[in-house]
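Here subunit A shows up in two complexes: once beside subunit B, once beside subunit C.
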Partner chain A sequence: MRQFLTFTRKEFYHIFRDRWTMIMLLAFPVIMIILFGFGITTEIQNSKIAIYDPSKDIATNNIATKLEISEYFMLEEYLDTPDQIETKFKEGKVGMVVVFGERFYENLLHTGEAKVLLIADGTDPNTASTLTTYASRIIMMYQQELLGIEKLPYSIHTEVKLLYNPTMKSAYNIVPGVMGMVLILICALMTSVSIAREKELGTMEVILVSPMPPLLIVLSKVVPYFVISLINFTNVLLIAVFLLGVPVNGNLFSLYFVSIIFIFVSLALGLLISSVTDKQLVALLMSAMGLMMPVVMLSGLMFPIENMPIVLRGIAQIIPAKWYIEAIRNIMIKGLGLKDIIPELSVLSLMAVVLIAASLKKFKIRLE
Partner chain B sequence: MKVIEARQLTKRFGNFTAVDNISFEVEKGEIFGFLGANGAGKTTAMRMLCGLSKPTEGYGKVAGFDIEKQSEQVKANIGYMSQKFALYEDLKVWENLRLYGGIYGVPKKEIDPRIDAALKQLGIEDEKNTMVKALPLGWKQKLAFSTAIFHEPKIVFLDEPTGGVDPAARRQFWELIYDAADRGITIFVTTHYMDEAEYCNRVSIMVDGRIEALDSPKNLRRAFKADNMDQIFHQLARKAKRGEN
Partner chain C sequence: MPRMVIMFPMMVLLIFPLVANFEVKNINLSVIDNDRSSYSRSLIEKVRSTGYFKITDIEDNYQDALTSIESDKSDVILEIPPKFERTLVREMETNLMITANAVNGNKGGLGTSYLVNIIMDFNDNIRTELTNNVNKLNVPFLSIIPKYRFNPSLLYEVFMVPALMVMVLSMICGFLPALNIVSEKESGTIEQMNVTPVQKFTFILAKLIPYWIIGYIVLTICVGIAYFVWDIVPAGFLGTLYIFVTIFILAISGFGLVISNYAISVQQAMFMMFFFVLTFIFMSGLYTPIENMPAWAQVLSNFSPLKYMIQVLRMVFLKGSDFKDLLPQFYALTTFALFFNSWAIYSYRKSS
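On to the complex of A and B.
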């Protein structure tokens, strides 16, 4: 026990005495969640638009007002000529231009057909399509109001209701993803690098010659990162709740329970990596490329797994973070309990057991 | 009293025989030099004696314990210093000593007095709170030796302990070695500095995994009709069929 405590204390010294390790361990997760939570957002609010309106009649005015009072748009200016449209986009002043046809209201009443053109900046396709969707919806609403006035016998009202995330906040989706990423990063990357460092410096050899049992060596290397991971998880959770306004609908205990299993998986991955290499740099690259990239790309954090080609969808199934992120979403956002995430829990537990067994075996083999 | 006993120790990796049937004994308090070119099998032999690697064939006893069956007891009774002076650079001088004291189970109340004694012996009492990375190489080397014998082991294994250190620092280092030997600690040292081989009580010279010569430096010089260890070493090393590494 004293061996273990002495060695663990040493490990904490390594962490606390290196500024970059500290930044990496404690500041990085906070920066991540804030960046992802605020910066990378697919929400549209107060986007600047311009309007070219040769008609200037009651209908176009109405639509313009509706656009302006919606929370999505802010009317930058009315354009005088169609030539100005491109200039405005090139200056980057507006995200969308609404162009009404001539004699809009007249056409609408007499021919039953009026034209409006929505031009958006396609260099950012996501934003462009969101903007045009919102604008179309607002125009549709106006159309329905008109229909109401004309008292046509049929009308279909479409209402969209988004469950669990009614305001379409992207933080709801991002937060569980960032949690998965941060835990993988802290546990796997830092553990593998710190073990590789001891091998590189030759201290590992001296420790192996000592009477300290290999299992104890592994444990003392891993425990500090386990503790720091829990601190980080708590930090991210606090920021998510109090700063990003993401609710914790489910049980807090369940959240920690799933996270601890995922931390075990990540730590074992770190151990495995460190048993393959003796070089810090290799360990770093392997963790970054081999673990971070799949987590970002294939776990559903950035891109929905359902839309992936079948091969990638298959690969996504063996990525631990995919199961973890799903479980966290279920508990945190949907408010489900442990018994509703049994599939995710089972997969993660199985992964943890297999990986821990494999990494311990590898570590022993190296000792012969 | 014999503290190291090797009987037909052999280690094979696949078809490659790294250590080929070596036998020798080391007495308590002796300074035993273990020489050989790179790739001759020194490190592999030493790893077996330290309980890090299991012999393919043969038998060995260190500090009275079987190296294969009682490797834990072997480990508790030996000290080890590698050629990299494996100290933790971001720990203070005394923290390094305390760490190894803790790992080897030195009683808690003995740790502080022993740290002071060790630092006094090295003449670096003022550096107690200095980070190891700020120490000059020669001091690191001496500190690494002190950590290796901090728990008063029966035997200390030194793997090329003087690599990269200047001659003056090497001489000071050998004074530490003599001092430890006087206290009854057996020294098992590998080196490729032949002048250092002269400081040993007895030396063995390994070539291609086998021990080709084993005696006191004086007797070896006589047997090989050589003026110094360097000539003997080159005579033997020329027979080597294995390349470097």
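On to the complex of A and C.
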């Protein structure tokens, strides 16, 4: 046992002495969560719009004011001619142009032929449809106001309730994903690189001839990364809660429990990679291309899995991070308990068992 | 190396657009129909027929429907109250309840908006039906017509493909130079370089030229894939793209060389480059618009050369903007190119 502790301490020294490794290990997760948390936002605010208004009457003025005071839009300018619409879009200055019909107010009251054209820049499909939806809603509200107390007969009112994330913040969706990515990065990438480095430098040989059982050697290698992963997880959690305003609705203990299982999976993956290669650069590339890329792309971290073609959706199922991210979303955001994530937990546990068994079996105690 | 220059853009441009898709479609809907009248049935039918929604289950009570949201089987619940049809006809108004899973705020928000619009449409039809024979409605009425320029059917790949080209270009023309000088340092060949009478300026310029050629090849492959696979043709002048690529590569390769000058090992250069390229990408508006970011991030985004190049590619490909429209981007990229390359020349040391 004392031997084991000594070996573990040695591994900690390895990490603390290398400035770059330390930066990678502790600063990178923080930077990642900030970049993802603030950089990927689908919330629309202060989108620039222009208005072409040939009518200039009370109704169009009212609508324009309503659009301008809403948090979604910022009135950039009034256009003088319809030709300017095209120019504005080409310069990329505005996201949407509101075009009123002629004699708008008159038509609105009498003929029922008042027209508003919402021309959105369709370059970004999501923004475009969100902008037109919001603008329509604001214009509809004006129509309702015109009606005054007098209600339209036969109206169906809809009550909308947005569960879990009523302000529709993107961070709620991204944070669990970043947690999955950070843990894979720290555990798998760093473990595989550090073991490969010892092999490359030849120090592994020295360790293996020591009287320590090989199993304990491996364990002493992964213990520091396990501890650092827990620290990183806590850091990310703190930033998520205090900086990004994402709540922890579920049980903190369950959150750590799932994370620990996932850390086991990632560590086992790192060990597996290091048993295949004895070059640092190869280990680095394998972890980056074989683990990081699939996690970023296919785990549902940023991009919804249900939008992917069937083959990629199939591949997503075998990515551990996909299950982990789902479990974290369920506990942290939805506030569900452990028993609601039994499917995710069983898949992760199964992966952990299989991968740990495989990595221990593959770990070579002799060097060729 | 030559294989990577060809394979990497192909991989990214073939697979990324399939994955990088924030589109909101195929929303799973649970319906609680407490009324089971002809109105409620025709409303459900109308929702189904729009194609936005897939009705996964019809539940009897709210609790069951909520369970199916919790287990991610459905995204939105539409609850039709008992006596929906009777209340609407007799009391002239009634209610519907929509509950959405907003963990993915974008999907929850757009999904409910779509559903509300469908219900409003349904409401209009019912109203005309019911009031038709009684009396003509005399209320203010306006119609709102949404139109989407440049991408009328709102295809996501049209948005992603041009921007992904910039990502590919900066990965290749940024990473390779970053590894270049430092790997010569590691292998020691830089010493031989240093004892030659070559000027610093000439040396850096010579290092840059191959990346220019690589950049042109990469861009050509990308434009080809966009055309043959995704059916995306630049609306603007193709030459404009190549002019901008010339400046952009100069900027990003110059940046790579700066990193290479400061790094002491290949691994360190890779980590540094990885960090900067990632920051540049996230601050560039590749995935989501910059206007949505908090103010400090918007200021930060001005320092990402990728931001300007992505704007150029999207504007030329989709909007057919010409050089005159792109002057601000031209100045910004030229500044980056001059700055990074002067820095690269300055920071290159012939003697250690």
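A few comments on the model shown:
We adopt the following convention: the second predicted complex is superposed on the first by the 340 of 368 C-alpha atoms of A that agree within 3 Å, B and C clash if a C-alpha of one lies under 4 Å from a C-alpha of the other, contacts with A are read in each partner's own complex, and residues count from 1 in each chain.
The rule is simple: a contact is a pair of C-beta atoms (placed from the backbone, for glycine too) under 8 Å apart; a residue touches a chain by one contact, two chains touch by 3 or more.
If you're wondering where the values come from, they're calculated on a predicted model, not measured in any experiment.
Shared-chain residue A:L118: touches subunit C; no touch with subunit B. In the superposed pair of complexes, A:K10 makes contact with subunit B only, with no contact to subunit C.
Touch criterion met: A:R329 reaches subunit C, while subunit B stays clear of it.
Of the two partner chains placed by the overlay, only subunit C lies in contact with A:L35; subunit B stays clear of it. Contact with subunit B, but none with subunit C, is seen for A:L201 once the two complexes are overlaid on the shared chain.
In the superposition on chain A, A:L360 makes contact with neither subunit B nor subunit C. Residue contacts after overlaying the shared chain place A:M212 against subunit B, while subunit C stays out of touching range. A count of residues in subunit A touched by subunit B and by subunit C gives the higher number to C. Once both structures are placed on chain A, no subunit A residue is touched by subunit B and, in the other complex, by subunit C. Residues 15-16, 18-26, 69-72, 88-89, 92-110, 112-113, 115-117, 119-120, 122-123, 126-127, 130-131, 137, 139-152, 154-156, 158-159, 266-268, 270-271, 275, 278-279, 282-283, 287-289, 291-294, 297, 311, 314-315, 318-321, 325 of subunit C are the ones that touch subunit A when the two sit in their complex.
Remark: subunit A residues 2-3, 5-7, 10, 13-14, 17-18, 201-203, 205-212, 367-368 touch subunit B in the complex. Considering their complex, residues 20, 24, 28, 31, 35-36, 38-48, 89-92, 95, 104, 107-109, 112-130, 132-133, 135-137, 139-140, 143, 146-147, 150-170, 172-173, 280-281, 284, 297-298, 302-304, 306-309, 312, 326, 329-330, 333-334, 336, 340 of subunit A touch subunit C. Within the complex, the subunit B residues that touch subunit A are 50-54, 72, 75-76, 78, 80-91, 95, 98-100, 102-105, 108, 148, 157.
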